[in-house]
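Working notes for the structure below.
Labels for the chains are A, B, C, D, E and F, by order of writing; each one numbers its residues from 1.
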Amino acid sequence: MIYLTRREHFCSSHQLSNPKFSDKENFEIYGKCAYPHGHGHNYELEVTVTGDPDRDTGMILDLKKLSEIIDKEILEKVDHKHLNIDVDFLKGIIPTAENLCVVFWKILEPKITAGKLYSIKVYETPNNYAEYRGGK
Amino acid sequence: MIYLTRREHFCSSHQLSNPKFSDKENFEIYGKCAYPHGHGHNYELEVTVTGDPDRDTGMILDLKKLSEIIDKEILEKVDHKHLNIDVDFLKGIIPTAENLCVVFWKILEPKITAGKLYSIKVYETPNNYAEYRGGK
Amino acid sequence: MIYLTRREHFCSSHQLSNPKFSDKENFEIYGKCAYPHGHGHNYELEVTVTGDPDRDTGMILDLKKLSEIIDKEILEKVDHKHLNIDVDFLKGIIPTAENLCVVFWKILEPKITAGKLYSIKVYETPNNYAEYRGGK
Amino acid sequence: MIYLTRREHFCSSHQLSNPKFSDKENFEIYGKCAYPHGHGHNYELEVTVTGDPDRDTGMILDLKKLSEIIDKEILEKVDHKHLNIDVDFLKGIIPTAENLCVVFWKILEPKITAGKLYSIKVYETPNNYAEYRGGK
Amino acid sequence: MIYLTRREHFCSSHQLSNPKFSDKENFEIYGKCAYPHGHGHNYELEVTVTGDPDRDTGMILDLKKLSEIIDKEILEKVDHKHLNIDVDFLKGIIPTAENLCVVFWKILEPKITAGKLYSIKVYETPNNYAEYRGGK
Amino acid sequence: MIYLTRREHFCSSHQLSNPKFSDKENFEIYGKCAYPHGHGHNYELEVTVTGDPDRDTGMILDLKKLSEIIDKEILEKVDHKHLNIDVDFLKGIIPTAENLCVVFWKILEPKITAGKLYSIKVYETPNNYAEYRGGK
């Protein structure tokens, strides 16, 4: 079993607050991330696929095709967008790094046609990142 | 003459569009940066001061104090904010990296109490950045 | 299960040598790291916590609080210090990256109040780092 | 169990194509990587060893010795070389990142004299990398 | 005057040797870079343009267009190629970082339609790079 | 005129304090950097030389030789050392980044045998660095 990773980038706005909570509660929970007009990040997205390299090609899957899948399914929807407002598949979801990992997993997992999805990592900054490896 | 640089970080939203232009024109000029709900970046801000090190301290100026000045004058106003909406000193200014450099220069230049401000660099991403060294 | 990571930084001195060994033996074992007056690093510390995101907040735990815990328990004790001399919890411990991971785990593990500590990574340089995931 | 990692670098050429395939098929499979005169990368190689730190030294193994082993067994053979032409142990192997991981594992695994080899990571670029942890 | 920089990437092979010299001389001059089958790098190319931001757009020039110019004039010709063999505009030129800077300047300088070209930087590795600012 | 840069690394301890000042004054001036047992950094040193590439070699000077000069004159003296105690050429000098630049310039400037020394940059951390370009 080999693990093959493709790293992509997107620049988006988001805001962290839950409409169930009062403004005061949201600031207590999310701090500066709750400011009403949002802020943004240069997100990094790492998608790792696992499998055995094909004997003839030496590849688990074509990184170019993986990149195209990520681009079509994720980046075209989130890049240069406001994650709370512009993205259908994030409606009703608080766009923490944790939640982005799970949502991106659900979207990408059925699209991987060679090997199996192993991990989704989302970096908000070089100092803050989340990872999801599927399952419960 | 020595050049001393402090690098700081802030995470903000912005949107590029000029109300003088039609939506169509704004998209032609700014592309994805004109999307109406904005997007964001992990900005990097480099402030370079030039001068002669003090004979007794070996320092042009105290980087800790420079960091405090940048924090008070710039970061507290822009970090986790929407640059087009939340920042008084950016009202009416299109927040391109070029314009941010000039505005930050005007704010910081009179606050530097040892040495002289030499350069302001603003990175939107590792691949896109602007620099201003003062003057015309 | 999601994995959430916070990366922090500290600048410290250390020296590698064991008083049980002769100077000659220490130099054979540790090379330049045994020089008597020590040397230093810009250490990077990655703390990874695992758990399920809270349904209401979308977060495993508040990264700001995790950052405060790391700051209070670790960084205030080691940053800008000499690890062999200044740090109570390192007395009698050779401050290799391997040992730092284990010591930091023992300190942080009981302080994590949401989710569970999963991994401690200590980078001495971008090219040399150790990781501990608990257990034997 | 601690995991200790050493990162090394090498600059090499490679070309991806399988002589079993026609030129047209190779371009369909490998895209620009199939160009006949090859291209190159600043490869990064991460070698992770796992084990218990020695009680007297605080080290799983000496990173300096690990670095020497990697240098002698791998870097001297591949650095500033063309991977398809110049490297005996890559004869007949398509030098994808996946295959490099497996070949490097087979070479290094018996040379690790303290701890056990845990993982080999090969970065072609910061955005494309493969990992192998042994086994089937 | 503002300085605006766009960073791009390409992966190429090259070999350093001068046919005027004997093999022995070439090895004395270029070391490992003279190996006959070449080696490669993940090159980074930084193109800096200087000018005054347009009053209406806030931009010196459109970074997207600058990126397209660099792509068409440089990257399409050198990316995934062997610089000594595949690139018309490098025929007869030893592809050192110094020479690449000058050649890229000559190609790009007349294509910059807003602002003026100020600097070309070519990174062979993060540790080795050359810069050219025009003129003699 | 081309500018050619070589980046090197060293890991050292230092402490900032002036014996002319009281402990209290040193803490006011240098903060945590005045702690008595010192702290350390992964320093980065960038040495830039300027000149015209030789017509036959395409190089201003051989980066390998520049690297050897830096290694012999600087790195062997400072790497894995305590800058306040172990380094002859730093005796009586407060080892701020500003002062290190000037001292390294004075040592390296007469050793550069092709081209001319243009700049010395010393990074204490990625966020704090000084540069010296010679002269008054």
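What we mean here is this: a contact is a pair of C-beta atoms (placed from the backbone, for glycine too) under 8 Å apart; a residue touches a chain by one contact, two chains touch by 3 or more.
None of these values were measured; they are calculated from a predicted model.
Peer 1: Work out which chains are contact partners of both chain A and chain F.
Peer 2: Both chain A and chain F are touched by B, C, going by the contact rule given at the top.
Peer 1: Matching residue numbers in more than half of the contact pairs is the bar here; say which of D-E, C-F or C-D clears it relative to B-E.
Peer 2: Interface equivalent to B-E, from the options D-E, C-F or C-D: C-D.
Peer 1: Using Cα averages as centroids, what's the distance between chain A and chain B in whole Å?
Peer 2: Going by mean C-alpha positions, chain A sits 28 Å from chain B.
Peer 1: Counting only Cα atoms for the centres, state how far chain D is from chain F in Å.
Peer 2: 34
Peer 1: So what's the Cα centroid distance for chain B and chain D, whole Å?
Peer 2: Computed from C-alpha means, the inter-chain centre distance equals 41 Å.
Peer 1: Can you list every residue of chain B that touches 2 or more other chains, as numbers and ranges?
Peer 2: Residues of chain B touching two or more partner chains: there are none.
Peer 1: Any two chains that touch count here, so list every such pair.
Peer 2: Applying the touch criterion to every chain pair yields A-B, A-C, A-D, B-E, B-F, C-D, C-F, D-E, E-F.
Peer 1: Taking the touch rule as given, give the residues of chain B at its contact with chain F in the complex, in rising order.
Peer 2: It comes out as residues 1-8, 53, 56-60, 62-64.
Peer 1: Quick check on the complex: what are the chain C residues that touch chain F?
Peer 2: Chain C reaches chain F through residues 9, 11-14, 32-33, 35, 37-42, 79-82, 85-86, 124-125.
Peer 1: Applying the document's contact rule, which stretches of chain E touch chain F when the two form their complex?
Peer 2: 16, 18, 20-21, 29-31, 93-99, 101-102, 126-133, 135-136
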